[in-house]
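In what comes next, subunit A is part of two complexes: it sits with subunit B in the first one and with subunit C in the second one.
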Partner chain A sequence: MSDSSEREERPAGLHAEEIDEAEQVVGERAEEMALGEKERAGARGRRALTTAAWTAPGAVWLLFFLLAPVMMIVLVSFWTRTVSGFESVWTLENYEFLFDSNVYWEQLWNSFWHSLVIVALSLLLGFPVAYFLAICVTSLRFQIALFIIALAPFWTSYLIRAVAWIPMMGRQGALNTALQELGLISEPLDILLFSDFAVTVAMLQLYILFMVAPIFFMLAQIDRSSLEAARDLGANAFKTFREVVLPQSMPGIVIGSIFVFILTMGEFATVRIIGGGTVSSVGTIVQTQVASVQFPQAAASAVFLVLAMILGVFVLLRFSNLREDL
Partner chain B sequence: MPDEQTLTQREGASTAPSPAAAGTGLELKSLTKRFGEDVLAVDDVNLHIAHGEYVVLLGPSGCGKTTTLRMIGGHEEPTSGDILLDGQSLLGLTPDKRPTTTVFQHFALFPHRTVRENVEFGPKMHGISRAERREKAMSALDMVGLRALADRRPSALSGGQQQRVALARVLVMEPKALLLDEPLGDLDRLLRLRMRVELRALQRQLGLMFIHVTHDQEEALSVGDRIVVMHDGRIEQVADPFTISNLPANVQVASFMGDNNIFEGTVTATEGDRVSIDGGDAELRALVPGADAAVGQPAVVSVRAAAVQVGAQDASANGPNQLLGEIEVIEYLGDLVKLHLAAGGRRLVAKVSGDRYPEFQGKEGESVRLSWKEEDVRLLRA
Partner chain C sequence: MPGRWTKRILAVYFVLFLLFLYGPMIVMAALSFQGPQGTVTFPMRGLGFHWWNELVSGSRADTIRETAIRSLQLSIVSGLVVAVLAFTLSMSYRRRFRLDGVLFYLVMLALMTPGILLSLGTSFFWRFMDQQTSLWQTALGTNVVWGLPFAFLIMVAVWNRYDSTVEEASRDLGASGFRTFREVTLPLVWTGLLGAFLFGFTLAWNEYDRTALLAAGKNTLPLEIFALTVGSVIRPDLYALGTATTAVSLIGVGLFLLAAAIVLRRRAQTTGDVREEYGDVETSGGLAAGVPGSHTP
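So, the complex of A and B:
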């Protein structure tokens, strides 16, 4: 295939240095380089101030509505419970109680596992949707229209969407009735409501868009000609997907997974409504404890829930270098 | 040297462009592409390109040049016609199965891979071992002078460097034909001027078939062995740069190439090789060996801007190939001065040497005498 004898001695190199030189003349950096040391330091100071001004509102918000409540929870978890609430007397008994409770740890593990399953399912079902929207639909107008349609469920309240599953999936619900009418089943299926399965399906429907959206935005950024370039360089459709599309959508997958994981891990409302008392989660445990005014215990339970979430996020983040890839 | 092995061509490579030997090179046969019912993007294009030849497809946007290139690369399927490479039809082959590679306008580098991984991509897809593809990639990077930047991400490179990565990435594939889609379109002017010389030198060194699409006349003239001027999906003229520039075949080519003064009129007399044309307010006489113009027939002629002689308004200009014109705008372009003139109702351009700028400076609005030689008047196909 190759035949070195016919080639000339001189490598066919482009004159890289000269081109770089030519480029630098027109380079934007030239302007910055012309600035003196002092002016540059001044500019840096001004830039830092501007940055601070822009971040201040967000920082204040996070301080009052995220950091302070979390600190409060941690604090209360070390306080003593009383009949009517708690008093600020240091104690470890809330944690002792927690460590003795098998139910709690079982539930924490269940919720963790359940969240991972929902993350996996929403990725499996959501990715094709995002891919279709971002890559297959070429008209921007059509793309936006479809995306808004996909967002339509978000126009109703989350609780209403959860409640709406009951007439859909109940014993006398639409699905059971339809299946019976079609003669596919003779008895109504009980698994459709008030079961683990029902909770999984409902959560999937409630949260899948948090997976679709970030993947969609990552895929939409992919330069289509880079897909053509991959084909051109010898990759078939599958390899193009594996080598070019998938790696570039990884930040979206990771962010979507974090959304879905966090949201489902702390879930209690859907579990209550769709699970109907047969299913519980860490969320429902915390809620029960709060309902019976056991704030310090609820706080201790919540602390481990948060730790489990942080662990999950940490693991998910290892799949992508967001700082570089985004 | 490793890069010699990497980049040596398969067949007919180091030989100079040879005349169309039967069955070798690239052959476009009645190539046609329709988009929907109404849009005829490429209309019955026939072209042969030899191995080792640098061919430029030139035309305004929407003329079908990019669609033609995409059909060769396999990114569009022709509606009808055939594409043969060394006698083998490429139709029905997906881009990954074709021995062609493309340099895309916006480089189309993989942003999530390093420079080296970008260049390694092709060999990797063809199942070449890690060690071998690394060696190939590094020698291709040597060739474009980017070895030192092999571990950077494309986003950390300048436009010119990205362009060179894109080149290395296709050269490592040892394609039979290299397709370049507006390869210099994203670069600054200064860099563009440099890169086109480098492209030309690279093509000469590799002896590889380059098919280059551009809308830039100057770029086309500077790199191509042959230029294919396209308009409305059809080929208007195929010729070497000199011919395209000096002997445009028809009105489309003459007007697209720019700096041609086009006159429409009627043939009033033929006398040997001389054809006289009445262009309304201008009388033209062309020296056309073997012209078969008949008296009374409509004719279109062109006169290159550089062939127009500009003199002082001394005598009245009433002979053939003479006009009085008023200078409207003077463009100083360094090596030359471009005069935009109004003569009667028509607009003309003349180019004179840059040395004469002082003579014309500040004379916008003045009248001058324009003249040209009979042999500079080209009879065009309408």
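So, the complex of A and C:
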């Protein structure tokens, strides 16, 4: 953003942020100009102190409960296992063990792939919802109401929503019964519970909101008259979609994809509830290792889970330059 | 604009989408109102409050009540801490400062770190420091980390639409910094704070992963629900419990929306009254307010 060559490309479009910044600087300078040399330094120092005071509580909390734990995982993955936990003796044993474990890599790949499938499905199924809410619903009040109804499950327990799939699936579940009543199948389908399919459907329901919301927020910024203009200028529906709607929604799509990807990659509880014991994920592997007090190995597994996530996010970021487009 | 048929098809699709979201929960709620012979799947066997009775006075009732109260306490405290931290953190983002980018990424990292890793790392960290994990020292910490980024983004959005000139006006009229804060700033942003609290509260109320390895034997409600689901035979009283906790969440959201609607209406009224008395006042938020948020060339 501070790259001068980029700024030259569009001299007319000053960033709102830059204007903000300039305004702030002007204000500060004006304040300072009214003061003497000594007081000027004092004013600057006071501002820095105020900022430090405002940031400190949150920053300290995040340091303690986010950064330290994440770094701890990396550290422990290089430490030695003891009967009751770990001791700070450096070793590569955990990684050697991990590299020898085919099950782990298979699982990591499965989780990675599975998450990408869920990302694609949630985009495919979620985009029309966001489009409908943002473009087709014209009354603002109605739009907000429908958006809240669509988003309300976010505030409910994901465990419960996973549990709620149990009566739907299963051999005598609502879905099997309905399909049999309709005469579409003669025997109940077994794939409906404790299977990859079941986990996919449940996760889709749990996390599709994270795709719908960001796309909605981006699409809601489209000036509806620009769609009319596109049509008046002779663009057909497909062209309007490709050249107006899609570019505008791209940052939302990327943010949503990252959300869904990360959340499903690290998923553990849903897999356990819907998948029974038959479906596993990297999360359940980590959990099993923790349960058998193999902390350093669990840490090593976690490290590669995070690396896979970073790789995935990196790939997804290729689709849009968020800093530019937002 | 999309054609009429596109709209209709999408409307039908939207209804199907809501069915997909809410269907399972509705089915679950229905199955909780079965008679004593009820099982976890259809068909419904009898009607009645048997399983709800079981929930409040059966063999598991004491544990469930205990964990529910504990969860409620944790969620309320978590919501308060989240609101306070999101507020203070967002206050510093009203102007640019050194390291603001780094701190922003740290907040986003809180959003991106999988819960299971957070609770694993925290348990390591506490073990490393030779401390016992406990609900209030560690589980509260990780639950707040989960709610904080959402609340922070809300507060940043609130400040973006906030007109700082009213604070200047207040100062120019001779109010002290604290008085300005209490009588001008706070009344204008408290809906945002309430929203921040709501996120902190509901996310902690429902959180399993981030509490899992840290509660040290003192289960919260989600932990209890997980144990009931995975560790034992599922009975319809679990559905009753699920329906109840969902109701708590939805009632919380509903109350918040109600409060927000009332405040907005009152504020609109006050603005109207002021207009009537003093004529229309230009309420532009300075130079930046005239510039649209997007800046595509």
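Definition applied: the second predicted complex is superposed on the first by the 263 of 326 C-alpha atoms of A that agree within 3 Å, B and C clash if a C-alpha of one lies under 4 Å from a C-alpha of the other, contacts with A are read in each partner's own complex, and residues count from 1 in each chain.
We take it that a residue touches a chain if its C-beta (ideal position, glycine included) is under 8 Å from a C-beta of that chain, and two chains touch if they have at least 3 such contacts.
All values reported here derive from a predicted model rather than from experimental measurement.
Student: Per the overlay, which chain contacts more subunit A residues, subunit B or subunit C?
Tutor: Of subunit B and subunit C, more residues of subunit A lie in contact with C.
Student: Examine A:A41 and indicate which partner it touches, taking first as subunit B and second as subunit C; both and neither are also allowed.
Tutor: neither
Student: According to the stated criteria, A:D232 is in contact with first (subunit B), second (subunit C), both, or neither; which is it?
Tutor: first
Student: Using the superposition on chain A described above, determine whether A:I273 touches subunit B (first), subunit C (second), both, or neither.
Tutor: second
Student: Could you say whether A:L49 touches subunit B, subunit C, both of them, or neither, answering first, second, both or neither?
Tutor: A:L49 sits against neither subunit B nor subunit C.
Student: After the superposition on A, what does A:V244 contact: first (subunit B), second (subunit C), both or neither?
Tutor: It touches subunit B, and subunit C stays clear.
Student: Based on the superposed arrangement, let me know which partner A:A59 touches: subunit B (first), subunit C (second), both, or neither?
Tutor: second
Student: Just subunit B (first), just subunit C (second), both, or neither: which does A:A120 touch?
Tutor: neither
Student: Which of the two partners, first being subunit B and second being subunit C, lies in contact with A:L311: first, second, both, or neither?
Tutor: Neither partner.
Student: Could you list which residues of subunit A make contact with subunit B in one structure and with subunit C in the other?
Tutor: Common interface on subunit A, subunit B vs subunit C: 10, 12-16, 19-20, 23, 228, 231, 325.
Student: Show me the residue ranges of subunit B that touch subunit A in the complex, using the header's touch definition.
Tutor: Residues of subunit B touching subunit A: 1, 3-10, 13-14, 73-75, 94-96, 100-102, 104-106, 108-113, 121-122, 125-126, 142-146, 153, 158-161, 164, 167, 169-170, 173-174, 188, 190-191, 194-195, 198, 201-202, 205-206.
Student: Would you tell me which residues of subunit A are touching subunit C in their complex?
Tutor: Listed in rising order, the residues are 9-10, 12-16, 19-21, 23-24, 47-48, 50-51, 54-59, 61-62, 64-73, 75-76, 85-86, 88, 125, 128-129, 131-133, 135-136, 146, 148-150, 152-153, 155-161, 163-168, 170, 172-174, 177, 205, 221, 224, 227-228, 231, 237, 258, 262-263, 265-269, 272-273, 283, 286-287, 290, 295, 298-299, 302, 305-306, 309, 313, 325.
Student: Across the complex, what residues on subunit C touch subunit A?
Tutor: 1-3, 6-7, 10-11, 13-14, 17-18, 20-25, 27-28, 31, 40-43, 81, 84-86, 88-89, 91-92, 95-97, 103, 106-107, 109-110, 112-118, 120-122, 124-125, 127-128, 138, 141-142, 144-145, 148, 152, 198, 202, 205-206, 208-209, 212-213, 222, 225-226, 229-230, 234, 238-239, 242, 245-246, 249-250, 252-253, 257, 286-288, 291-297
Student: Could you pull out which subunit A residues touch subunit B in their complex?
Tutor: These residues of subunit A touch subunit B: 1-4, 6-8, 10-20, 22-23, 25-27, 223, 225-226, 228-236, 239, 243-244, 247-248, 250, 324-325.
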